[in-house]
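Each of the next two complexes has subunit A plus one other chain: subunit B in the first, subunit C in the second.
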Partner chain A sequence: MTDAIRIRDLTWRAGKEFALRDLSMTVPTGAIYGFLGPNGSGKTTTIRLMLGMLAPEHGTIDVLGHAMPKFAHRALAKIGYVPEVVHLYSRLTVDEAMRFHKAFFATFDDAEADRLRRRFGLREDQRIGALSKGESGKLMMLLALSQRAELLVLDEPTDGLDPVIRREVLSALVEYVDVHQATVFISSHLVHEQERICDWVGVMDGGRMVAELPMQEFRSGIKRLRVLNAPPTRDAMPFSVLSRDEISLHHEDWVVRGWQPEMREWFQRSGAELREIQDLDLEDSFVELLRGARGVTTEAR
Partner chain B sequence: MFAMILRTQWAWTRVLVALLALIAFLTPVFAWRISGGNDRAPGAMQLIKGLVLLGPMLGFLALFGSFVLAVYPWTIDAETKHVYPLSLPITWSRYVGMRYFAGALTLLVPALALYVGNRFAVSMITLPPLLQAYPGTLAFRFLLAALVAYSASFALQYLAGRRATIVALLLVLVPTLIFAAAELAGARGFGDAVGRFLFEWPGPFSVFSQPWVLIDV
Partner chain C sequence: MFSRIDSRSPTPIYAQIADRIRVAVASGELRAGDSLPSVRALATRLRVNPATIAQAYRELEREKLVEMRQGAGTFVAELGADTRAHEREAAARRLVREMLTEAARLGLAPADLRAALTHELPETQ
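After this line comes the complex of A and B, so read on.
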């Protein structure tokens, strides 16, 4: 399987306050890749670099086989992009926006655009500047889906939308992926939404990639362990400790990544006792992953 | 693609273009009244005198109108940090080129209106022997002046981006300071030389400094 997006050692700086540092990422072709991270973690900047809107200081970016930003215009012909905020010309009507978009994308499908427009309840003569946030979101999704893109890059596409519109937008997206086997890169801080549709997940924080793994592994591989007489050592642990909190004199709660049932033996060998194993939901896993990356607790990985 | 860029350009600037066209049309038509002519039928001399008085306004119109036509569409793109054009599958230079030519094409409308106004004004008078009217030449000169101003404003805005205001101020301040310094130092020749370089033929802004003549020998 080839990779739809491949980023290696990417560095980018905006003044002294913000930087992306040594970021590497791989999005397999055909994957629905959830890009998670708190607000301000660098998700939108990474997307803009990925689309050739910004030039990296260091590192390489390949999207659909094209080096970015040099061949951005070639890659963009196959990419449907829905940004975080409305980027369309507010003075155009829905119909004018569709015609404008069509003029630039040879693969634009008129019939599909019209079908989606009806499905989303958008009128042709509505001015973009007068659309609600939900309607604008639907229009941007309509344009991205109608251009028959191989790769959809969606930056917080459902942020601020009410649940009904969010469901409409996501179901249109899932239908599209089913039919066209497109790759989807979807950035969000809404963890539960990602859990429902993504098969890969990348977690970003403070301009760094904290984790990148299949969703199944992310969902099942992060556990909270209650440990009695926990050993102080970090040596030769078969899993990664994301956080370690002292509960009482002899009890500690560990959040670990990469857990497998056979790893129980390690505690016995270390003279500790594993009292309990708790499953974390995706949101807790996400939060613990970030805590671990930030070194909030006494132990780091 | 270009048709759609032109369409958006027209949608955004048509009110301004129409206003420029109206002023351009009315300038020669009513020029004879400016020179104090109250007769029902204007004479050639009244029209000539009127245009001597109003002519510089055509230069100002070309300058101001072109500036707004260059800058306004840029501000619309800048509202969204140019994200939409940057997400289109064309190079940035091609997009900017198309935006430039779309704006330049709209300048034809006021130039055409001026030509029609010139023809209309000339049709109201009887030209004495030896004098000739040049309605097309005046309109063409207006178009050239507008293109020079438009190109300079466009280049400044697209190349300097957010720093355009600072660069524009520097472009005004630096020559002003040079002139002032030359005056104070008594080196008037230097200031004159710069002025001649910029505003006399074949200087880049000479199109603004020559008399705006509709009727001549």
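After this line comes the complex of A and C, so read on.
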């Protein structure tokens, strides 16, 4: 088995307003896959489909070699899931929550759970209802990591947590990945966090997958170019233009995807001059990619 | 040594980590036989993908700056004086290249830079 998650031509609709269309996704085994997208782009819905909580109208979903949702019970035994919203009974204590969770997972590791509990500074007798947001976040991560899952599916795992707790949670996650060689699927709009740990990126917008590629390619292939006497956009360009902005009378800023150094020559041949090539960080690349996908370009006259 | 790893920098994280170690080796902060943190320990500390740390270490191993011993860890290799000097020179050049890129962005002329550098350097140079 080479892919931990494989989705093909997935379509799912909720009324007229919202749909996932022709979604395909490949998460290689052992990858830390960052699932990016603005709020409402369909990330959580995709996760729910992936875990068999919703059934697709069309298309196939395979997770850890099991077809979903039919064989969800087999896949879910090997998946640690941290949902966006805490779903624990508020009257349970930390210790009870751990034992409750253990009842569902044969692979649950008591010693590991206890080690993480100490590391995260949680007490056994604390009531869930009285935990702070950060403490609940840590408990959710503790439960998922103690399952010794092959695949971790994390939906906004650090959203709303303070920086100290975010670091604790991410350190524990990175350590887990190295010890267990697990695959991680992590959905977030905290782009800089993803940039550090992910080696694959999938970008969603409006229910579609806009881009899916290795992190390094994503970062090295998107550039901002300062162009003098810019030619009009044509079909036969060696790169794809995500956006163009007029800076002054003769200068334009282009953001392009699929950039290679040897493409410099193309500008000379087109009678233009390439003045500067700027690297973009992941957040800028992400924003530009969405702009491009939505067709928000300011065309030159 | 690894305190300023910046995920927003255009330099990939593995290259930043490798650079830090090269500089530490060149300056003598790390000496032959010193052990580097394990991949797991460093990944956990910096909260980066373990594969990224491994990539940095492999690159340094290819350059023969470190030795990876199976099961024991990663150690700084025995280096000749000329290797050390070469690394210092390379580190200095990297720094200057970064400065030049930034200066070009700000529209500074080479003369401006030369004047500023003379001003900032201690008299003994």
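Here is the rule we go by: the second predicted complex is superposed on the first by the 295 of 301 C-alpha atoms of A that agree within 3 Å, B and C clash if a C-alpha of one lies under 4 Å from a C-alpha of the other, contacts with A are read in each partner's own complex, and residues count from 1 in each chain.
In this section, contacts are C-beta pairs under 8 Å (C-beta built on N, C-alpha and C of every residue); 3 or more make two chains touch, one makes a residue touch a chain.
The model shown is predicted, which means the values in this text are computed figures rather than measured ones.
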item: Clash or fit (per the criteria above) of subunit B with subunit C on subunit A; value: fit
item: First, second, both or neither for A:S90, with subunit B first and subunit C second; value: first
item: Partner chain(s) touched by A:A77 [first = subunit B, second = subunit C, both, neither]; value: first
item: Angular separation of subunit B and subunit C about subunit A, which is computed from CA centres of the superposed model and rounded to the nearest 10 °; value: 140
item: Partner chain in contact with A:H58 - subunit B first, subunit C second, else both or neither; value: neither
item: First (subunit B), second (subunit C), both or neither touched by A:F105; value: first
item: Minimum C-alpha separation between subunit B and subunit C after superposing on chain A, in Å; value: 26
item: Shared subunit A contacts, counted only where both subunit B and subunit C touch the same residue; value: none
item: Interface residues, subunit A side, partner subunit B - complex; value: 51-53, 72-74, 76-77, 79, 81, 83, 85-92, 96, 99-100, 103-105
item: Subunit A partner contacts - residues on subunit B that touch it in the complex; value: 1, 3-4, 7-8, 11-12, 76, 79-80, 83-84, 86-91, 94
item: Subunit A residues touching subunit C - in the complex, by the definition given at the top; value: 32, 167, 170-171, 174-175, 177-179, 192, 195-199, 216, 219, 276, 279-283
item: Contact set on subunit C toward subunit A in their complex; value: 7-10, 12-13, 39-40, 43-52, 104-105
